[in-house]
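You will see subunit A twice below: alongside subunit B first, and alongside subunit C after that.
Showing the complex of A and B:
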């Protein structure tokens, strides 16, 4: 497939070995250095399309959103004037903003606890060798692989006010009365149940992700290291504490941060289940930003609200960056 | 019960324990999909009643919900939109991410490690921060209200991810192969085209799959940029167009969800490990 001399067979191998040794000798004698400007030119040429695309459609829009947040830009009106920090001030003075901020934080934290618990226990189960493990693994990761706007629909139907299948089971088990009785939960219509319903969908969707990341971490610990530690006479707990945990911690942290960034900035679950209702009980910052920015057309206001997510996301991203860099070596 | 004596008995016992413990997880994970399936095939009178066991049919199953989608809604158009959008996104992603991944992995560009991480970090800039300024960009190109707007913006997600993925992949291609090719008289481009790309087909295919599946995970961009009913991708059309006012046609909604969700879930399932490797920085690389 690569370099094959016409004679083939052993000659091909020796030709390749010769070629490699020539190449390595060339490197030491500065062959590469003489080629380096051409190599770099070629490299930058190959990089340019991707870097330009990302700069123009992520970098520039990000700066543009800073500008928008300082203007009174509107969907219908192409001319915007500078209004300083007015949009941020308006957000900070509205009750719905604080409600959304609080809901965003509560949503993310509570969901993280539950997906952490479910994910960890599932990962430990999947670590055991058993018959049919691959199939089980394939089934439990389905929530994470389904397109989110599609799976939320199934939940919306399960949370139906009258024909909820969840309530059918609860009712049959005698935990709640029948439809219309005061203890019949209207999942998406009562403030407390509504936020719980949204969190449940998020946990359902991402606990397999937690489990798989954890599994990836465990399997990345080389058996030789564990064996070496075992030969050194360590106990299971010592090996777990001093070998396994330090080795998988960076992967876990990356998975956790990755998930938090997406949970904090996801609009689809709440938007499709409740649109932020009832009475703002489930309103989170992404939903508020969408409603203000697109539905009411106040681009500037919306941009300011979505930028409030940035100070929440920034520390996570910096942590992630440091971890990714460490993992490279 | 007597203590298990043989190895076989012990194994059976261990399996029973594990199956017992893992069943709740499987049920929780799969139940919403089962509920989709059973709803999609039920007749309406079978659907809206609480006096019978809801997890099975009490009237004959029906295809009516599926035919309704294709005859009376834009469902067919949404599927085609989604496929065409994803195909374009895949093409744009390959044209940009394959060379970039190769350059970062191989051409010893100063600071390429940091540059690679910087590109990947843009994958983590969430859509919710970018969608308002991007809506201006979209209208600047006069693409509002057409699915072409999504062809423009989805690569902002797929390029960073696939560049990162391919960078890891190209690092696993032995450098000796290229060096030998260059000694044989290939230039840098020749070595890339004739030696590296042919052995990188699995990595490139993986990138194509992710261009498709990551495009299908979007909801916000499609919701914000595309208003006309016949221009929507299926992941936006189903939840926004099939629900009108307070009337939910759950049978056809679940049929629509099922036909999109299942194929995506199955394909993604096979590539999930690559995805996890990608985001955790190449575990087991």
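Showing the complex of A and C:
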């Protein structure tokens, strides 16, 4: 047996393999039983619901809409055939699509600028100590919590061509003429005013959200750092730009990301105010996708139109998330 | 199949199984027809539940009546009836969701945007109910069939439509010695005369149902057509379209204000009720709103038939309302029974809707009709069935037409022209969109 072993014959090899295998099994079972592996497993277990949630509620619908966009599916026929990129081509052939794309970008960017400005201002105001601050902090989020249909219908009344309370107020102030005069604004009837009206409602509704996010960020900045900056003789704007913003950048970026996604995919405000009119002046991609995909039944083309939002959002998300990751290290 | 020709069987003989099948089918079919005619609900529907999804009617009293009426029918026949009301604009999305889930309501309502052709493979054939009602009440008015018929079968049941007459201020017309608007030209003259006196007119030029309906009425009355009678291809591009657009722009510039670009379906009601409008072209909801909110204006508001575009040519595009039954419904028999009962009582529905719901069955037009036949101002509405049409005129409401309607191509084309785009560019855009959409649906 010893000879055989030294000669390195087949038995010796198999014994070595067996020994290695036993050792490795022992190691792996040892590793499996180790505390770090159990902690890792437990971590994955805790993570699993979130991963499942993302896969089921985001991944599957996304893949399904991708499948729809490559098919001639319609709402009444479950059997669809593959049409390649035909639905995307069809969208690109329609100038309503380009109008909607342009409006979507304008809507999102202009609304983001105003939400940023108003949200920051409001956050600073809410940071100041004053009587009833808690109550005011609660009240400012009301627009965000109201059912969207109710708040948009109220705005629709305020924008009414005949009975607009905004126009009535402006007229009483002497800033515009009376009803029927040429300078009486028809808010939802003139292309420029109509898109502005939709943006105003979006800003009104969501800037409290921006303010709350910023407020959370501002309160996380230690007072000692701000005091130190003050002692160094910095102005308010310098402290804001060089101390506060870098410190709350992750919160700002995540807030901006959420807001952009919500605004770009928001159907309700435009649909309830104008349905995309007049003559598509306020039509945005979600409204067009809804009209083509659901109301007209062409699911494939509707899915293709809505998927055009994806390449718009993807680079932005990558940029923001990379920026966020860089800041972690 | 020609009359009198015998049906050929395979071998000239009938097997026992086939005999039982045919005889059983015949007995079941004839008993259903008998029951439909006698309006006696079969015992099998007892203990079942019937779920109905429909819009929230513009006349809330109608919904209250409908719910009670359905409940009482259910109690009488041992069926638990549940009626859900949602805004009509939400119905296409709800329908898509129910179809995808294969579950939901038994009966589903469509208003204005009729989706029978999209879903017909998944809808119950209601030809037996339609045939029985047609036989009983002197047949259906001719455009009814185009809404719901696919391959010779009725997959929906039209129960009422909403028409839109001219509503004009007789006092203002009389003060300016204007003739009542029997032609579109007279309506234009009135608007041109009365606008400088603070009484313009208005038809929505925005993305709403009114804009889709009323400008089409004007176009079709000017001799235009939207599609071939078969519905196979669009026929928009024509000299009639150019004539119509010229007229529409003149009417807008001379008689309207830019407010119409912002209007929704209720704006013209308010315009009339506020006393500003010299005339509006709208459903009688405008008349009712004025009755309820401004009695002096109401006293002077009169109705006229759809104006003529070309001499003698009147086409009034109405908003159809149709009920359908899902194939996945487990209670199809009760659904059919209820719909047949609802048709039998459509005149009661007309009363409850204050004359708003117009029936599709010829015998219902025997004068005087309820509500509208007894009100001297509304009597003219009884003459509308001869001139009523729906989207896609003179063809049926096909799927490309539904997409064209839902994406507001037709009113947008007019808006472009009224806003200053050249006529040929506006037509090029509109016709191009029509062709593109038709091509897509043909390809699919």
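Methods note: the second predicted complex is superposed on the first by the 234 of 329 C-alpha atoms of A that agree within 3 Å, B and C clash if a C-alpha of one lies under 4 Å from a C-alpha of the other, contacts with A are read in each partner's own complex, and residues count from 1 in each chain.
To be clear about the criterion, contacts are C-beta pairs under 8 Å (C-beta built on N, C-alpha and C of every residue); 3 or more make two chains touch, one makes a residue touch a chain.
Computed from a predicted model, the values in this text were never measured in an experiment.
Within the superposed three-chain model, A:70 lies out of touch with both subunit B and subunit C [touch as defined at top]. By the touch criterion defined above, A:216 lies against subunit B but remains apart from subunit C after alignment on the C-alpha atoms of chain A. By the touch criterion defined above, A:199 reaches neither subunit B nor subunit C.
In the superposition on chain A, A:95 contacts subunit C only, with no contact to subunit B.
Touch criterion met: A:294 reaches subunit B and subunit C at once.
Contacts of A:163 after superposition on the shared chain: both subunit B and subunit C are touched. When the two complexes are superposed, the chain touching more residues of subunit A, out of subunit B and subunit C, is B.
In the superposed model, A:320 makes contact with subunit B only, not with subunit C.
When the two structures are aligned on the shared chain, A:243 is found in touch with neither subunit B nor subunit C. Within subunit A, the residues touching subunit B in one complex and subunit C in the other are 75, 160, 162-163, 290, 294, 299. Interface residues of subunit B facing subunit A in the complex, by the touch rule stated above, are 14-15, 18-19, 21-22, 25-26, 28-30, 32-33, 35-36, 39, 47-50, 54-55, 92, 95-97, 99-100, 102-104, 107-109, 113-115, 117, 119-122, 124-137, 152-153, 155-156, 159-160, 163, 176-177, 179-184, 188-189, 195, 198-199, 213, 216-217, 219-220, 223-224, 235-236, 238-239, 248, 250, 253-254, 257, 260-261, 264-265, 268-269, 272-273, 276-277, 279-284. Residue ranges of subunit A in contact with subunit C, taken from their complex: 72, 74-77, 86, 90, 93-96, 156, 159-163, 180, 186-190, 194, 274-280, 288, 290-292, 294-301. In the complex of the two chains, the subunit A residues touching subunit B come out as 1-3, 16, 19-20, 22-24, 26, 38-40, 42-47, 49-51, 53-54, 57-62, 64-65, 68, 73, 75, 118, 122, 125-126, 128, 130-131, 136, 138-155, 157-158, 160, 162-163, 165, 168, 171, 178-179, 204, 208, 212-213, 216-217, 219-220, 251, 254-255, 258, 261-262, 264-268, 271-272, 285-286, 289-290, 293-294, 299, 302-303, 306-307, 309-310, 313, 317, 320-321, 323-325, 327-328. Contact residues on subunit C toward subunit A in their complex (touch as defined above): 92-93, 95-96, 99, 113, 115, 118-122, 198, 205-208, 257-264, 267, 270-271, 274, 276, 399, 402-403, 406-408, 412, 415-416, 419, 429, 433, 436, 440-441, 443-444.
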